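Taking it in order: structure first as structure tokens, then the write-up.
The chains carry the letters A, B and C, assigned in the order they are written, with residues numbered from 1 in each.
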Amino acid sequence: MDKLTLFDHVFKPKVITLENGHQVLKKRSRKPLILLVLLVVMWVSFVVTGFDLDLIIKRGGQFFVILRKIFNPDFSYYKKVVNPLLDTVKMSLLGTILGCLTAFPVAILASSNINRNRIILVTIRFILSVIRSVPTLIIASIFALIFGLGTFAGMVSIAIFTLGIVSKMLFESIEVIDMGPFEAMISYGCNQFRAFWAACLPQILPTYLAQCLYCFEINIRAAAILGYVGAGGIGILISERIGWRDYNGLGTVLLSLFMLVLCIDQLSGYLRSKLS
Amino acid sequence: MIEFINASKTYPNGVKGLKNVNLTIDQGEFVAVIGLSGAGKSTLIRTVNRMHDVTGGQVIVDGVDVMTLKGKSLRKFRRKIGMIFQSFNLISRSTVIRNVLASNVPDLPWYRVLLGLYKKEQEMDALAALDKVGILEKAYTRCDQLSGGQQQRVALARTLNQKPSIILADEPVASLDPIMADVVMSDFKRINEELKITIILNIHHVDLALKYATRVIGIRSGEIVYDGPSSEVTKEILNEVYSGKEIPELAKG
Amino acid sequence: MEHILNMYNKRPNTKWIKLLVTAIIISLVIYSASGVTYKGIAAKGSDVAFGIMYGLTHPDVSIIFNFTKEGVPYLLAQTAAIAVLGTIFGAVLAIPFSFLCSKKIVGKYVAFVFQAIVLLIRTIPSVVWALVWIRVTGPGPFCGVVTQSICSIGMISKMFVTAIDDIDTGILESLDACGCTTFQKIRYGILPQLSSSFISTTIYRFDINLKDATVLGIVGAGGIGAVLQQSISSRRWTIVGAFLLSLIVAVLVIEYFSTRIRKKLARGQ
């Protein structure tokens, strides 16, 4: 019999007695309670966000007017898109590489099977989850103030964001590798570092590279909006076009972004399938 | 020569691995250690290259008390002792040859370790080691495509490539089927005879131990209860080693 | 000796591939470095860095316990409310989408069209969607809700489709054998198989939406983001510290619970 929780003490389980006298406890379903909590939360959310269905019904058509303009891109605007788009690629590429390179030693220090020092381990993992919990756009707007407007601030924020994600994915995969070869290398007279390099690296390298590529895919999407807070790239154009209500131009920007993301996803997906 | 003088080992949780073991093993012997699981077979083998520490007494290998070694001198000492594991401990994603070459890692300059570059002579030596265990043709295949027996022979080649004077084998055939186990044991025998390498292995298959080893050490709860030539092992001795329990026929493999 | 040499000569030659890959990576780095120029730290840039440090270590505590509409609790609750509604509406909208995306149910061509739509939704960053919706609804939390309802469709339906494609159709046969109607087959044969993975995906998306709602705030879609962005640009570091710390704590706490619930769902309780 499962342990009775607080819920079961408040709502006593139903006792079912079979004809032969055996008894079974049937716990009360939690579904009504969960549903009730959910309804209350939703009602509060409706009030707090000022939900207004009328507005959507009345002005929803406006969205499709904009959408129609977006899907009718102004191709003459194309020339102005190329450079910022390449900037976005460049800064996310460099940011990804920098972030992935730093993520590697950090992830090793954050793996419980390599690093036996609990204090360092917990500290690093905590810092990593803090990094992951701050939205990229906030990080970028802080760095845009520190390094001035431009791609450098964008690159730094992407590198930090990458560090957070890749380190986490990497230490999770380091923790499940086979430590047998490591033991063998130690028995042959290697020090800890050489044993790790020779025995563990070949096991994690393909996973690590796949994770870097995956992160690059995410970063391209993330980098596209960093321009909004002044961190360079195509984001500047996006906010500028919307500000001027030039939705045809916006369409061009979004279309080229879409094509770029599609190409990079395909390429990276192909490379990742090669790695596994 | 390996000497155990009153060697004992107590684990941090109070379990006694070895109790006052006295033992001398000469260069070139083929020793099989038998006993129940948990009797201290692994502990005995692993104290020789100090993968485990003894807590009392001495273990002397070629005139050196292993407990006095540390850091660099310990690593240098370990280089002349090969070790084979039950689960092979190969890097399964790498090729066979790279696994064999890995035993060179302690001696390489750091940049070669970082880049994974080996000299041509080293690669030739590794191929020669693979040839000795008869799987030269698998040199450039990935380890995870080999059978268990082949993988254990790769591990053996990796150890040979180290040019050791002693090979320690911790349950080398426990994960293999009976036929492969026999093949791997005969490899050990051949290497022992041709290269005069001391081989100490622990093994659950009594018949294989008696067939190939020249000397058998029976161990029961940390104490040596039999030490003598394999030809003189009788049923009574085995009963004593295995705590008076009859060995079921199946367990003999 | 000869057969060893033979084997050595037969070794696969990976040197050129390795060199090529290295060359490609190095040239990519050099190429992308051309677009990213370090212009030194901006005027007062170091002040900003120290200001952030100061703010994080000396957060304005009064604002954390300020329960009016300007305080941290209300704004965090508003951000969470945006994420709650955005996730729920997104999940509900995703259900028809995911059935329409499943080749198993609607056939190849219809599935392809809807998969393209889902891909389009996923590729366009949520901030862009928010900027467009602001033109319709005006700035404020409601814009955030609408945006997230749309954006969540992309990821949620992608995960739903996988769950739908994994359905075990054997159960439908056995229900058929019991003489069930189509409605009964869906209710007792399909829903029980899908519900736990649907709920799990939705909770996971809620995690993402909570962070995303902060970002949407920056562009004017309500919640904590707008105020945070304003205090960063007006350099009121103690307030920035208070907002950032409470945001981090809130995200970490919710992430912890959502991971626990999802683990429970995966183990089947």
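In this text, a contact is a pair of C-beta atoms (placed from the backbone, for glycine too) under 8 Å apart; a residue touches a chain by one contact, two chains touch by 3 or more.
Being a predicted model, the structure only gives us computed values, none of them experimental.
A.B. asks: If each chain is a node and each touching pair an edge, is that a line, ring, star, complete or other?
C.D. replies: complete
A.B. asks: Which chain pair is joined by more contacting C-beta pairs, B-C or A-B?
C.D. replies: A-B
A.B. asks: With chain centres taken as the means of their Cα atoms, state the distance from subunit A to subunit C in Å.
C.D. replies: 6
A.B. asks: With chain centres taken as the means of their Cα atoms, state the distance from subunit A to subunit B in Å.
C.D. replies: Centres of subunit A and subunit B (C-alpha means) sit 47 Å apart.
A.B. asks: Would you mind pulling out the distance in Å between where the CA atoms of subunit B average out and where those of subunit C do?
C.D. replies: Using C-alpha averages as centres, the distance is 52 Å.
A.B. asks: Quick check on the complex: what are the subunit B residues that touch subunit C?
C.D. replies: Interface residues on subunit B, with respect to subunit C: 97, 120, 123-124, 127-128, 131, 136-137, 139-140.
A.B. asks: Report the residues of subunit B in contact with subunit A in the complex, numbered from low to high.
C.D. replies: 49, 51, 74-79, 81-83, 85, 87-94, 98, 102-103, 105-106, 113-114, 155, 158, 162
A.B. asks: Subunit B touches which residues of subunit C in the complex?
C.D. replies: 3-5, 7-8, 10-12
A.B. asks: In the complex of these two chains, what residues of subunit C are touching subunit A?
C.D. replies: For this pair, the touching residues of subunit C are 28-29, 31-43, 45-46, 48-49, 52, 77-78, 80-82, 84-85, 88, 119-120, 123-125, 127-128, 131-133, 135-137, 140-142, 144-146, 211-212, 214-215, 218-219, 222, 225, 228-229, 232-233, 235, 244, 247-248, 251-252, 255.
A.B. asks: Per the contact definition, I'd like the list of subunit A residues that touch subunit B in the complex.
C.D. replies: 178, 180-181, 183-191, 194-195, 197-199, 202-203, 206
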